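Pasting the structures here.
After this come two complexes, each holding subunit A, first together with subunit B and then together with subunit C.
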Partner chain A sequence: MNETKNKEKSWLRNLVESFGLPRLIITAFLLILLILAPFVGADLPTQISNIIARFSWNGILVLAMVPMVHSGCGLNFGLPLGIISGLLGATLSIEFGFTGAMSFVMAIVIATPFALIFGTGYGWLLNKIKGGEMMIATYVGFSSVSLMCMMWLILPYKSPNMVWGLAGKGLRTTISLEGYYSQVLANILRIKIGNLVIPTGTLLFFALLAAAIWAFLHTKTGTAMTAVGSNPVFARAAGINVDRIRLLSVVMSTWLAAIGILVYEQGFGFVQLYMAPFYMALPAVSAILIGGASVNKATIMNVIIGTILFQGIVTMTPTVMNNMIHMDMSEVIRIIASNGMILYALTRKTEGSK
Partner chain B sequence: MNNGNAPLLEMRNIKKDFFGNQVLTDINLTVHEGEVVGLVGENGAGKSTLMRILFGADMIRETGGYGGEVLLNGQKVQFNSPFDAIEAGIGMVHQEFSLIPGFSTTENILLNREPVKKNLVSEVFGDRMNTLNRTMMDERAANAIEMMGVKVDRKMIISDMPVGHKQFTEIARELSKEQLKLLILDEPTAVLTEKEADALLESIRGMAKRGIAIIFITHRLQEIMAVCDKVVVMRDGYVVSEEASSNTSTAIITRQMVGRDVDQPASAASSDAEEKKDAPVILSVKRLWVDMPGETVRDVSLDVREGEILGIGGLAGQGKLGIPNGIMGLYPAGGTVVFEGKEIPLNSPRSCLDASFAFVSEDRRGVGLLLDESLEWNIAFPAMQIQNRFLKNYLGGLVKWRDEKAIKEVTDKYISELAIRCTSSKQKAKELSGGNQQKVCLAKAFALNPRMLFVSEPTRGIDVGAKALVLEALRRFNRENGVTVVIVSSELEELRSSCDRIAIVSGGRVAGVLPASSSVEELGELMLSQVI
Partner chain C sequence: MNEKTMRKAKFGAFLSRASVPMMFIIICALCIPIAGLSPNYLVNEIVTRMGRNSFLILSLLIPIMAGMGLNFGMTLGAMAGEIGLILVSDWQIVGIPGMVLAMIISVPISILLGLFCGKILNMAKGREMITSYIISYFINGVYQLVVLYLMGSVIPIKHGSIKLPRGYGIRNTVSLLNMRQHLDNLIPLNIKGVKVPVATFIVIAVLCLVIVWFRRTKLGQDMRAVGQDMEVARDAGINVERTRIISIIISTVLAGIGMVIYLQNMGNIATYSAHSQIGMFCIAALLVGGASVDKASIGNVFLGVILFHLMFIVAPRAGAYITGDSMIGEYFRVFVSYAVITIALVMYETNKRRVKSMEGERLRLDQEKEGKDE
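Let's turn to the complex of A and B:
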């Protein structure tokens, strides 16, 4: 009797240790919300579809954190820089008159050189200020967003689908992707059972990139990247050019962010300009932290679990609460829930031993 | 005071071990009022540990306390923390400064013991709101400084001061404590210029006259001779001699410090040293300087012969560690290094590694290991990155995939060869003990199949058993693979037993190169010859 109890205890302890108590609590909370949903009148399949859809939109943005975490540059608070590259790709692709799936492909093609150039400059900067990466990254994000706020108005965009109707110049804050690449990935092999919708294509695209990153981390250069993050002095003593590896990781992060925002847009159906990139970094940072990553260790599993938990809580909490109190407060609750999660995640920030 | 003729301090049969590793054995030490006692010994002889026991350092209690007893004025005392020791009148000036850079001399001297005045706010909110009594602070600081007999500006900010004055500030802080009876100075002159050191010695004499007893730890023997009444020599955790300084000399002290059995049989390795005498020079270092903090190398020229084990010895801080670190490009360096007739560019770790050098750093946790990664990664990483081993090539070499199987194989090989104690090759490096971590560092270097191996302090901080294993592994690697090895170590005995020749570094220069069979006195003399 006592023995079985001990066994149970150690089994539980193992679970807690391997999965982490905070994540267990968050998972439990998410499960409670899912169980509550039908009782308060929310449709469960719709809710689950929502979570899956949001996961598919955000997954790559969270994945973009991984290279920089591995190389010891910390969490990429400068995500907006990559997002801006993606936005430039998106708007230019539309400007040049591409439509449908082709506009998505061209957006990626055009965004890539921007991501490489911005990423290189950003990486060069981060190499100058080792130790304070995350603080500087935050401000790189801030300032690039502000600069682009001006540029969106000034740049000579002409496409009538994007510019302000009356003035005929300057981009609108929100641009519909109807007729361009809205849902192009999601529609590939889309599964629909009743109210349950699974955007298979988007999930596959995420899986493809996640597998690529996983594979990269198993190569010689990827191994060097992890070692640089784990102990830069060790890496230097082993003949690694630490700055070059860090630069590479920043470029990879920036490019993934560019692709990530394009995938987000195709799911969401709109391009959001001006201050929108500003609000993308923190949720991604929080998601990977909640997924169990530390400042210098992150796995693809952390990305997947973290994104599901974060997006799950953020979508479920307002719906369930709204239905419980019969009042439309979803926006308020969404903000409280998501910022609460961010706050919580940042307190969970841990660093590996040195 | 209660016991008129009892000595001020008496330490009886002090014993201390760190997890079974005996570092102090039956130490007896007496200090009388107003006496200056010089404490000397090689690095690791146990001086610092003994002083930590006396000063009630936390680290002693955390590692299981000590044996024997400490008597102050004839009464048994047991300090649980440095605060107790200070309370009892013991002051200590550590090697590293503990001063607040932005505060003035006076503020540092009286920190947290400032005389205070009551004011309106403190009447309401309690004593923590009292204002500082600046005039009285100034007076007390002036008194303390005067006791030393040197001039230090009381208003100067610490960060603007030359090192010497910082050292004096530390001492003044101890002197300003009214209850001070015994002052411990741990290598106070190590950072001072000659002139400052002289001033300090002068002030030591002055303090002694006022009845304060002083325990003075230093490597500079002439200082000991100049100022101490009594010299205590420690070696390997024993007190080997306790003499009035008038009855001894620097030569005698040197021998006592380093010599175990002076006429010990010559080292095992040196039996075939004769034939290596004619071996060609494989590595030639000329006019090397290295800017490594605390281990500056000024001007080192050195030849290493093929297939030999060359030892580099010397006291801490004299620059012996700077030599391998500089050659391997970890610290800024200049000069020329020629290996097999080819010049190796300095300040570039990669080019050294490409020239098939390998280096085992003295800083295991900082440089030597990926603490958060598995043993497999630690051992295979440099070989993978530099020599493209343990990789599988796909797409015509475009993709270099980690070969986990080969990595595990090589790791398991070294685990059994070096008897690394671990649960598996997947265990994280930080979970191993110091000795096993050192073996991992060696395995990492061996895995590179180097032609030239630099090993820095291979036995620092590991227990006796592991020491023997590590040295044996190095010797075997040298003999079986014909690898030239340079061992840098503070332990002379270790060098004598494993090397063919020993170069002694003193003051950032090579003081001399002797065969390993030379006597300990000869080596010891060189060690102290150019100390700065």
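Let's turn to the complex of A and C:
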């Protein structure tokens, strides 16, 4: 009797230890929000469809963290670089006159070579500076975004749907995807029950990529990647070309980020240029950390749980807070919670690091 | 032969050290004639900006000395300074006394924030920079919570001119009109149309002297030892954790005071954005002056302020002239700031690795020699 109690206690403690205190707090917070929602007059099905929709937009961007974490390159703060490849794909696809679902396919096709080129360069750089990846990744992201700010103005785009009407040149800050690929994935097999809407197509697309990554991590190369991440010295001794594996992981992350932003735009309905990619890395990073990942360990499950929790808080807090105390503190809560989570992960002692 | 390679290595180190300032001199030399600004205007602007920014940049030196890299957490001090100024302008204390009071208010807040930052950085040794960078975002959230929600509702704010119409929270901009450039104009001096903020320069000079003096104190020496090698310093009986926390606290406090000086020159506070860019620009300026992540001097600060801000003034004009679009220049200078930081970080990391591998090589050679001797 007593033994089982002890067992239960240690089980609980194990849960707290493995799950992490901040993660428990965030989960509890989201649960409270969900319970409160009907009482403050928010429609629960609408809220849940919002969370699902946002999950489907952001899932792949968060998934883009996984390969780099696995190979020991740390959290991919350089996500904007991949996003830029995606944006180039999106704008060029529109520029070349593709419409409807075709424009989405072509955007992916055009974005891919950019992602491969940028990713190779980025991976090469990260191989030169092992140990300082995260800080440099952040600044690689920032510099590439600000470089592209100039490029969006200079590049000779012509499509009247994208350039400033008056000047006839330079891309607009937001470009509507109406008539292009807005909602193309979400409309596939869309389920609608009352106020509950499920964008099945987007979820399936995410599942497809997630399954592909999962399968990849179980191939020979994938296992090698995990080995490089958990112990580079051991991996080298086992005859793995560490630099090549790391490069591969960076290219994969960059490509996933490019696809991720296209899926995000598909749901959101707009292409956002200029400074928009700037702060997209932080939400993705904190989402995967909330999901239970650490600086050198991440699974597909972490991605799914993390994105649901993070997007849940982002969508629920404004409505619940607004209805409850007529004070929109959601932005502040989001900043504190997401950055607090990153801080928590950075201060954890990581095993197997240099 | 050994001496030759040594000299070569030294020259190489000098080149890599001087490369960033050289690049900036070239950029400025190209842009100045294109921008077509009068020399008088340029000198005036540079002198003003030196007075405005030098103090803030000087606050970065001490953590570098302690081997903690570029302190992106200086934003914390900047926020403390802003809180001080907001309170003082609500109490309607004007001019120099207002500034001094704002500094006095900022100090305890800075110490608390610095303590917090230092404690966390001690838990994240080896990745101080990314951590301090995220801390600045985290505390920015707390700052918004305080300024946007608690000021006016919990912390009493009387004057409607700085409060949001809804009754709590501070407006987007707080005017410091009755404090504007009071320190700069305390001792008026005008050399051929160039306004020199003598009093501000005196304050900056005093800080420089303090930093020079501080390096020679026991604490300063300890910091350098910690910066060289934490383990050796610990064996030598230095309390490494405490020394690191103190260095961050000093930096944060200085940044708070620096922010007050910066804002009195600007004449208004952009409540929610003034601090967010300040860290980045100060760090970029310091790096442009030839500093690196592990080595920075007072000379780097002043050279950096001059070169970086010269670029800042001429780039938009030159960009507008070349492309006919003023936004290009704006984006260009943001790009350059980020690119400079990126390059400096990459150089630091590659150097670190090179030194490590060189040490390994030497060890191997020594061992081989020993083996032969036997």
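Everything that follows uses one rule, which is that the second predicted complex is superposed on the first by the 304 of 354 C-alpha atoms of A that agree within 3 Å, B and C clash if a C-alpha of one lies under 4 Å from a C-alpha of the other, contacts with A are read in each partner's own complex, and residues count from 1 in each chain.
Definition applied: a contact is a pair of C-beta atoms (placed from the backbone, for glycine too) under 8 Å apart; a residue touches a chain by one contact, two chains touch by 3 or more.
Computed from a predicted structure; not experimentally measured.
State whether A:Lys297 touches subunit B only (first), subunit C only (second), both chains, or neither.
The answer is first: A:Lys297 touches subunit B but not subunit C.
Go through the superposed model and pick first if A:Ala224 touches only subunit B, second if only subunit C, both, or neither.
Only subunit B; A:Ala224 stays clear of subunit C.
Return the chain, subunit B or subunit C, that is in touch with more residues of subunit A.
The partner making contact with more of subunit A's residues is C.
Mind working out whether A:Leu343 is in touch with subunit B, subunit C, both or neither, as first, second, both or neither?
second
With the two complexes superposed on chain A, say which partner A:Arg190 touches: subunit B (first), subunit C (second), both, or neither.
neither
Kindly classify A:Ser146 by the partners it touches after superposition: subunit B alone (first), subunit C alone (second), both, or neither?
Only subunit C is touched by A:Ser146; subunit B is not.
Now for A:Arg244: first (subunit B), second (subunit C), both, or neither, which partner does it touch?
neither
Just to be sure I read the superposition right, which of the two partners does A:Arg172 touch: subunit B = first, subunit C = second, or both, or neither?
neither
Which part of subunit B faces subunit A closely enough to touch in the complex?
Subunit B residues touching subunit A: 328, 330, 349-350, 352-354, 359, 361, 365-373, 377, 381-382, 384-386, 388, 391, 399-402, 430.
In the complex of these two chains, what residues of subunit A are touching subunit B?
Answer in residue numbers: 218-224, 226-227, 230-231, 233-234, 236-241, 296-297, 352-354.
Tell me, which parts of subunit C touch subunit A in their complex?
Contacts found on subunit C: 120, 123-124, 126-127, 129-131, 133-135, 137-138, 140-142, 144-145, 148-149, 323, 325, 327-328, 331-332, 334-335, 338-339, 341-342, 345-346, 348-350, 352-353.
So in the complex, the part of subunit A that touches subunit C is made up of which residues?
Interface residues on the subunit A side: 77, 125, 128-132, 134-136, 138-140, 142-143, 146-147, 149-150, 153-154, 170, 282, 327, 329, 331-332, 335-336, 339-340, 342-343, 346-347.
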